[in-house]
Amino acid sequence: MKLTFSIRGVGALLVAAALLFAPLILAEQNYLLRVLITGITYAIAVYGLNIILGFTGQLSLAHGGFFGIGVYTMGLLTTDYDWSFWGALLAAIVLTTVVGFLAGLLALRTREAYFAVFTMALGLIIYMIISRWEDVTHAYSGVLGVKLPENIGPLDFSEPATYYYLLLVFLAAAAYVTYTLRVSNVGRRLLAIRTSEDLASSIGINVGLNKQLAFTASAGFAGLGGALFASAEGFIGPNSSSIDLTFELLMFLLVGGVATVMGPIVGTLLVLALFEAFQDFQAYRFILLGPVIIALVIYAPQGLIGRLNELTLRWKRRRAAAPKTPAGPPDSDSPADPNDEKAEVR
Amino acid sequence: MLMQVRGLSKTFGGLHAVEDVSFDIAEGEITAIIGPNGAGKSTLFNLITGFYRPTAGSVTFKAKDITGHPAHRTAQAGVARTFQTTKLFEHSSIAENVLAGCAAGSRSTLIDAVFRTPRHRREEKASMDKTLELLEFTGILEFKDEIAANVPHEVQKRAAVALALATEPELLLLDEPAAGITEDETARFGQLIRQIVARGVTVGLVEHKMSLIMSLADSILVLDQGRRIAWGTPEEVRSDPRVIEAYLGAGSQGSTSQEDGIQERTPGQGA
Amino acid sequence: MSQKSRSTLRPLIALSTVSLLALTSCGNGGGDGEGGTITIGVTGPQSGGGALYGENVEAGIRLAIDELNEQGVTIDGEEYTVEMRALDDEYQPNAAATNAQRLVEQDDASVVFIPHAGGIHAAQEINTSRSDFLIGAYSSDRRIIERDNELTFMISPPFVSYSEPFIRIFQEEQGAERLGLLATASEYGQQWTTMITQDWEDAGGEVLSNNNFDYGAVSDFASSVARTLSDDPDVILVGGPSQTTALVIEEARDQGYEGGFMIMDQAKFEELELFTDPENLNNSAGVKPVAEFDDPGTDSLVERFAEDITEERPITAETSLNFQAVALVVKAMEIAGTHEDPAAIREAMPEAAAEVDDVFRVSGFPDEVTDEGLLISDSLEGAYRDSEGNYEYFPMDIE
Amino acid sequence: MTLFVQQFFNGLSLGGVYCLAAIGLTLVFGVLRIPNLAHGALYMVGAYLTYFFLTSAGVPYILAIALAALVLAGIGIGMERVVFHPLRNAPHTHHMIAAAGAMFFLHSLIQAIWGADFRRMESPITGRVEILGTQVSWQRVTIVITAVVVLIALTWFIKRTVHGQSIEAVEQDRVGASLVGINPNRVSMLTFGLAAALVAVAAGLVAPINLLYPTMGDVIMVKVFAIIILGGLGSIPGAIVGGFTLGMAEVMATTYVSAVAGEVIAFVVLILVLAIRPTGLLTKAVQR
């Protein structure tokens, strides 16, 4: 059993290794590195979306908006107000978290379809504010010259590879938090809510509070992704808060696998790679991608990673549990076989 | 008294689903709630456990007023329940289901989890041990890795009990635990309920199978049309003319006897 | 177990991700550039609301390239074929910058045409640092050359050039005093509005309430029109995409408005005429239609646009100005003797302006390329359609 | 005063269009519990179909709208079969994502067929009529009249015909409806078809005073969502009241406040309503 445990980690390790060595492989390939950098900032936001959608089952369509708040906090503070990158980053996280918290107070009174539509309206309002509040956000003119992180000792972040590794640290943090959620009591509480709110409250889970916390954290991650995005791009415009972005983030998550640990990053990079491959028919790519999205939702709603998890689970079970027959219910007096494989409940 | 219910009432749009019901649940006993279809049994459960907010009346648990507390707070206070249509986290394994019950009561926060604080590790370990112990107690340890939706009905029922017990309740309310399982299985389930009481957990149950109730219950509350028509020991209730009348009236289309209890009601029928 | 299911297949995902990344990097082998091909990069909107605009820009570049290939391009004694590579950015600044970098690195383009200010700004963040390429900036937002980006040239006349003649026509010649605002609420429309508000008031006129609305996102604009008219304006600033602009003008006429229109340079007379009864356009000032120019190459380009691109719509400045710019930049490559060094190409542009073949002189060909990167044409004109429906042309100073 | 009267008619015609578009969306939600994000795309396709029949096939205007409604009903039914039927037991998130996929697909498809150009559809209904001292275009009068006629016909259909009653039955009680022998499959298709036909009529009516382009549905979709939330998801009277209210509010906000106010009002109203009543204004409180 220990063996399979390590096999499981191998996949994640390989993805991590690929990401770690990407700048070396892509030396002189600024363009691909740039795509990768953008992808990672998106993926961080997707990890955020994963918390609310994956772990509590509520579809938030405001995440493009939260991303945009992060983008503009970073963008405006480092230019018009001449803050440092690090200060602005902190401010972006705090602000999106606060906005997420306040929005959650209202939004979480609604459920399911209402929640989705409510958050959609919320996202649109954020977009409208960003694209219309000329005096503050410069509206469609956008913001020029967003700062890169200030150097820390020998680390020069104007070097794309160095900046890339900084992003990787944030990405790893996002993935680690998700992993932790997946295997801890906190995550189990959220997953319980996703499956059945009634059952969850019957075992003492404060559904409202947990959803509120999840939504708040979820918004914070989206804001973090947005702030990093702004800095990576240098120039920002209102599009970085649009509803289209929300749907893109959603697609990344869906392709990768909702409620999985590796899904957000794998999904994001995979879809971006697909976009790149389809560059030549950009305008018509959705003639193909639209049906692909629909097919995914119908036939593989658990996403790539989710699907693979299922397959391995089945394989493992066939191997391990082959002799066991679902015998009649056990006699309640007889203790269970203590020789049964030592349960590792994860 | 572990729980005291006084004058509890609930109206839905002018209809009295539960009207002025009072009874006690004594510590260490098994209290059964019976009554014909639509008598308000499930509604009563939902009122006690905080899923509905009562229109009037009070619920006291361990001398504390918990009237109208939201469901999760009632659960945290030590009242666990199962549902009539067995509810489980059906895409998770049996063990994960029970773990969820442990998780619900855990104090650890995301911060603890991220930094793997001692508290976190301690709780994780405790949760795991408790889960295995409960699975063994309910006799479904060998199903621990099966997905909840795929296991036999009886295992699901037992898993629901294990899940409820994982929250370490002092009072466990079972909503029709024996619905839809065979006679043999029902008998074994009765066994389990006794063991639960032996663990020190008081049990309240809504049930139709008279055989089960008569052999288990220390006291019985009989409801009809939302009102209490009898409350006492099985012997007292058995001979109460109003109970006999209610049951004969309700069972007039089909043959019913006190021994066999009312016919199973159609699933999905609410209060 | 099982939440943490162990996946033997998981390495496969990793592999496929890596291989996909590798796959995308395959295309960049480079190579082809050396085989006698010059790639002109374009990133513009091919989908979404701006798609037609993007198509028009691309059409100009494509027509110029066809013409150049017919004539033959020789750089440093070697024959080259010119190619266009166009990517969709959906009007998004960041996508434009990403595309530009891709065009430069993977397709060896040293010039990238970008037809929107946002994309230009975003590309300027990288074109002299992380990458090295010349931006063919098609936008009339003057800020794009005010950032001291030495690898940018501005193809479109800055819109500030329109302010002075517009105000002269309406305020001085017609005695108009009250200006209504009903332009599109895009960045561009707002800038125009700010400029004209300032200038109009400086010239002693009165500016009425601002009723700008997003031409691309309103389901019914009759109410905005009605509100503007209720202020009783003498002249109204309109403009955005031609088609919507035409409807706005028509709605105003339908509601009984008889004053004049100042039409922002994004909308073009020749397109407006298609979308509404031309009579509605009487008493308006705007951009001179391409076909009305008398330059040596005008007629042939108008013809070729109809033949090679479409007969459904007339050619506009979006096509003709980019057409000219491509010829200019390729000529600069010939003079500089390189198609790979953006700085050298940019440096050769002033000299190239005089040497471009007549067939590329279509609608006010630049006589001069300033150090800032502004293309200046002495023959640029604006158009005024009088109350009889006749066009008069007036000179404009590019500044 | 004339300004007000004029804007009142503008609000009325805009409201009529919103109504027609919103009823379809609310019907689909009521019957299938799906917020169909592709509704705006259907609206757009409806406009292009009308355009096609009117200009390319040379059919008279009203007939062109009817034909477009018919064809779009077919597309709507197809969408129900291919996209939503397989997802009928899936969580609501899946529907919304699949619907978004369908929306993007339709955008691309229409752009591939008709190009990204703005297109103008000339209506044969021209000229203006004087009402209460102000000039109102016949097209707007037509919109209001048609909207009212269609709404009456729809009410008759739902209240008086077997098919219509089956829709209402499923909307009110899914389990009960299947117990009395109503085929939920049939009703789903019927609903989707009807919703598509209604939105095609809305698009056909508004096309002459607006422009056709592949993303034209996005703006109206958001508004229409605001309307049905306002009126209560699944409520037809709610959609009608909400449609006219929002149309009027938008026009009046534009007139008496500012253009931006007109654009934002829908969302502000939406957020306010949901904040106060999380299930919309006209829904009966759902009993848990």
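A, B, C and D label the chains in the order they appear, each numbered from 1.
One rule holds for everything that comes next: contacts are C-beta pairs under 8 Å (C-beta built on N, C-alpha and C of every residue); 3 or more make two chains touch, one makes a residue touch a chain.
Remember, predicted model here, so these are calculated numbers, not experimental data.
When chain centres are defined as mean Cα coordinates, B lies farthest from subunit C.
Across the two candidate interfaces, C-D and A-B, the one carrying more C-beta contacts is A-B. Rounded to a whole number, the gap between the C-alpha centres of subunit A and subunit C is 37 angstrom.
Separating the CA-averaged centres of subunit A and subunit B is a span of 39 Å.
Work out the mean CA point of subunit B and of subunit C, and you get 72 Å between them. Residue numbers of subunit B whose C-beta contacts span two or more other chains: 51, 92, 95-96, 145.
Within subunit D, the positions touching two or more other chains are listed as 107-108, 111, 116, 260, 263. Contact with two or more other chains is made by residues 132, 283-284, 343, 345 of subunit A. Against subunit D, in their complex, subunit C makes its touches with residues 46-49, 51-52, 54-55, 185, 209-214, 217-220, 222-224, 226-227, 230, 241-244, 246-247, 254-256, 275, 312-313.
Subunit A contributes residues 53, 57, 59, 61, 106, 109-114, 116-118, 120-122, 124-125, 128, 132, 247, 250-251, 254, 283-287, 289-294, 297-298, 301 to its touches with subunit D in the complex. Chain contact summary for the complex, subunit B toward subunit A: residues 49-51, 70-73, 75-76, 80-83, 87-92, 95-96, 99-106, 108-110, 113-114, 120, 123-124, 127-128, 131-132, 135-136, 138-146, 151-152, 154-155, 158, 163-164, 166-167, 185, 188, 191-192, 195.
Those residues of subunit D whose C-beta lies close enough to touch subunit A in the complex are 29, 33-35, 82-83, 86-87, 90-94, 96-98, 100-109, 111-112, 116, 222, 225-226, 229, 233, 260, 263-264, 267-268, 270-271, 274-275, 278-280.
Those residues of subunit C whose C-beta lies close enough to touch subunit A in the complex are 1-18, 20-25, 28, 46-47, 51, 87-88, 90-94, 97-98, 101-102, 104-106, 117-118, 121-122, 124-126, 130-131, 147, 185-188, 190-191.
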